[in-house]
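Okay, so chain A shows up in both of these, paired with chain B first and chain C after.
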Partner chain A sequence: MAKPKIATTSLAGCFGCHMSVLDIDERILKLAELVDFDKSPINDIKRFTGQCEVGLIEGGCANAENVEVLRYFRDHCKILISLGECAIMGGLPAMRNGIPLKECLQEAFLNGPSVVDGMIPNDPDLPLILDKVYPCHEVVKIDYFLPGCPPNADLIWESLVALLSGKEADLPYELIKYD
Partner chain B sequence: MSDTINFTIDGKDCQGKKGQSIIQAADDNGVYIPRLCYHPELTPGGSCRICTVNVNGRQMAACTTPVAEGMLIFNDTPELQDMRRALVEMLFIEGNHFCPSCERSGNCELQALAYRLGIMAPRFPYMFPQRTIDASHPQIYIDGNRCIQCGRCVRAAEELDGKNILGFIGRGPFLKIKASSSRGLAGVEIKPTDRCVQLCPVGTIIVKETAYRTPIGERQYDKKPIGAEIEGSH
Partner chain C sequence: MEPYAQHLEKHMRKVVIDPVTRVEGHGKVTIVQDDEGHIDRTRLLIVEFRGFERFVQGRPYWEAPVVVQRLCGICPVSHHLAAAKAMDVVVGVGPDGLSPTAEKMRRLMHYGQMLQSHALHFYHLCSPDLLFGFDSAVMKRNVLAVAAEYPDLAYQGIMLRKYGQEIIKSTAGKKIHGTGAIPGGINKNLSTAERDSHLKDIDRIIDWSKASVDLVKKVHGQNPDYFDGFASFESNHLSIVRKDGALDLYHGNLRAVDKDGEKIFDQVEPADYLEHIGEEIKSWSYMKFPFIRKLGKRKGWYRVGPLARLNCCDFIPSPLAQKEFEEFRAYTGGKPNNFSLHYHWARMIEMLHSAEMIKELLTDKDLQGTDLVRMGKKTHEGVGLIEAPRGTLFHHYKVDDRDQITMCNLIVSTTNNNEPMNSAVAKVADQHLEGKKITEDLLNYVEVAIRAYDPCLSCATHALGRMPLKLELRDTRGNLIHSLIRGASGS
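On to the complex of A and B.
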């Protein structure tokens, strides 16, 4: 029987959640026995090869490309998981949500202390920045949430194994943290 | 006539004393009723409703209801736990709670309650409201982003510190905590050892230059859930 496929992506995240996936250490070999990695920055596969069982989403939606990639994942994954605080609630990038977009761009590209000859980028090739950073589940349906900044590697491991073997995950108290 | 009051919580026989609230009597019997705005040193506020229990078929706030003979109380039921979960989720989405960057993370009662109740993500959309920070005082600051309007600081200032230096202004979603001076915190008599500073359950009233001293893994709620100290006392 073909192994189930798993895909991962980082939207407006820092790759910390992906580092935490790698933090399962040698269990990654067991994971490779359980699943095949499809589209993911871990193996650098850029396109889906077909439908996947599980998609792991790191980061929230800060620009139009994030939304497009997230929808693409929703279409290609049976189960979609928000991995980490940024995917769940926007995380640190969402700290800009209380500041008008114009002020954010001015501060970053015109008035910032290290800016020389600043200009606000406006190339049609750049993804359009959104008014706010949105949690993934406010854009598409998300099936499960694994909190943490980043989520504990054991939390990721236990949840994935439970999901792939169709069992209820038994998660000890210490594993669920928002920081 | 004895002053002992007999009642049950989730079927467990308990004894209380005359004049106690349900929450006080439950604590004495090693039963933890989740709470936020209640603090044993303060007059109960009765505002957060996290402590809602079912008393003889009706929902009552355990922190403001006196315990009475023969009460049949239910505390740990799926319905009540889900209602508490919804209340905690509302507190999360109504404010700006960025746990990863908060000084209080790991020692925060709101976060700890969410852990205990098993909240993985809120069911309501995030509001990302506009809130303000008062950093005018040299030693203490108020971060309005994280305030849950529990009123513990206001009661502590009045009842324990004996000074009316904090209060609420605004209404509904705009209710906010404020120092009672036009100059903000800098204009009032407040010091880091005041109970009004120490009893904030979240990261709103913060003493400057004291953050991140405890390593992750050793903070108050890293290993043991909130309420374990009450449940462990029996």
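On to the complex of A and C.
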């Protein structure tokens, strides 16, 4: 039987959640025995090669492209997991939600002390920025949530193994304590 | 109307690579080509925007080291420390006022970070290109394929990174987004148990780091002309150096040299960075374009990161790395090394240096000291500079009487390399795509060039975006004529 496939993506996140996946260290080689990796920023598969069992989503939705990618993942993954605070509730990037977007752009591109002849970038190649940063479950259905900033590597490992083997996850208190 | 279509002259088409993979963060490349296959222009752009500069305003100053590191989960320690260093100035301690325990704990954290980040970049992200070739099959271009063919190497890479992460955990409290550094010092020392567990493995880590330098030299030796020529161009270089000109990744003053090694400026204090560095904005990218003011926008851009650091410093203050450095310098006759792919070589020399420094620090009794935090007379402004794995990182804050941040300016490492990465893309397009029908395999050449710079587009995104790669060929009316999209929509 073919191994189940797993895909990952980073939306409006800092890549810290992906780094925490890599923090399972040697177990990454074990994980490779259990699953095949499909589309992910850590390999060069840029389009899904088929349906996946599990999709890990890091980061919330801050622009139109994030929304597009998230929907693309929903279409291709049986189980979708919000990995980390940004995916679950917008996280740090959502700190801009209470501030008009224009002020954020002005501060970065017009007011910055090192800026010379400022202007706000505006080009058709730049995806539309959303008014707010949205958590993933407000955009598509999410099946599981792994909290933490980032989630502990052992939490990620235990959860994935449980999910893939159909056993109940054994999560001691230390793993579900998060910041 | 399709993007750019109205700007394209007749017989021009645009190729888009979206997303660039095996880099940290997200980015996109566009290449405009005419009907004869002549490359008209290329761009690497960042499409994401966060707005950190604005939303940290009003937050208490002591939050900055914890909050701002969430720009980037790949080198959070660099942001954590740069913000802490800026806030040291705000609490009136400054770089020279820290207790020995605080400074050395932070240094240990930073060398741990350097080790894990350089190992990650070299083994997890780039080794497939170097071991299998730039045009190897897509399914082979990942670390698991390396593990299948070279299990010892992959294991070595994974364990090097792990060691660095464990050092970070012992100093910052957590592997990613720790809280160890606080304004004026550090909140923990190193226990003897932690020390002993790290000391046990350090010699092996140094051996592996040395073996990593040898591996780069071996790959280079197989085809030196190709390696040297790939995406290479001359540029200025910038980094911080110690007062005596030594490589110092944690603290020092700014030095910039030109392509021939002549100093453009030297020993510029962090607080004076604005006199020398400006940033240009271009309409098509959220990532800014820094330049040396004296030389102007067109000529003032520069490279940062491992290559630039080894071009700027006079020596490396640890024996094994110094030996490698001498060989590195001799290769270009003592002049700056302007070969893009030699970033890998420089990076592994720095990894070796970091491992040596970790060993030196671990045997230093100051790490068990109890003088952790100092306070002085408050000020309202602080600049903190550090050499992050990817290059010079600038953090600049103003704080009001109520301890709230009123201004934040960040020039992140990868942003400094914006123009160089664009030059590398242009160079590869010229070397490998000019006059050809662009295929998916050829696109990896573009990515190999970008990867050499180890861009962290996550960081660069603090004001910007993501690093995907999508390839589309459009006719002059912007209609899609051929698509090799590897991007998000996949359609």
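Criterion: the second predicted complex is superposed on the first by the 177 of 179 C-alpha atoms of A that agree within 3 Å, B and C clash if a C-alpha of one lies under 4 Å from a C-alpha of the other, contacts with A are read in each partner's own complex, and residues count from 1 in each chain.
Here is the rule we go by: a contact is a pair of C-beta atoms (placed from the backbone, for glycine too) under 8 Å apart; a residue touches a chain by one contact, two chains touch by 3 or more.
Remember, it's a predicted structure, so these values are computed and weren't measured experimentally.
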Chain B versus chain C, judged by how many residues of chain A each one touches: C
Which superposed partner A:A2 touches (first chain B, second chain C, both, neither): neither
Partner chain in contact with A:C149 - chain B first, chain C second, else both or neither: both
Contacts of A:A108 with chain B and chain C, given as first, second, both or neither: second
Partner chain(s) touched by A:M95 [first = chain B, second = chain C, both, neither]: both
Chain B versus chain C as contact partner of A:S82, first or second or both or neither: first
First (chain B), second (chain C), both or neither touched by A:A32: second
On chain A, positions contacted by chain B and by chain C: 91-92, 95, 149, 179
In the complex with chain A, residue positions of chain B that touch it: 92, 96, 98-102, 105-106, 111, 114-115, 118, 120-121, 125-126, 128-131, 145, 216, 222-225
Residues on chain A engaged by chain B in the complex (per definition of touch): 82, 85, 88-92, 94-95, 97-98, 132, 135, 137-138, 142, 144-147, 149, 173-174, 176-179
Interface residues, chain A side, partner chain C - complex: 9-10, 12-20, 22-23, 25-26, 28-29, 32, 37, 41-48, 62-63, 65, 68-69, 72, 91-93, 95-96, 99, 101, 103-109, 112-127, 129, 149-150, 153, 179
Contact set on chain C toward chain A in their complex: 1-4, 16, 19, 21-26, 28, 30, 45, 47-51, 53-57, 67, 70-74, 76, 120, 124-125, 138-139, 141-144, 147, 154-155, 158-159, 161-162, 165, 174-177, 273-274, 277-286, 288, 290, 293, 297, 396, 407, 409, 411, 444, 456, 458, 463, 465-466, 468-470, 485-490
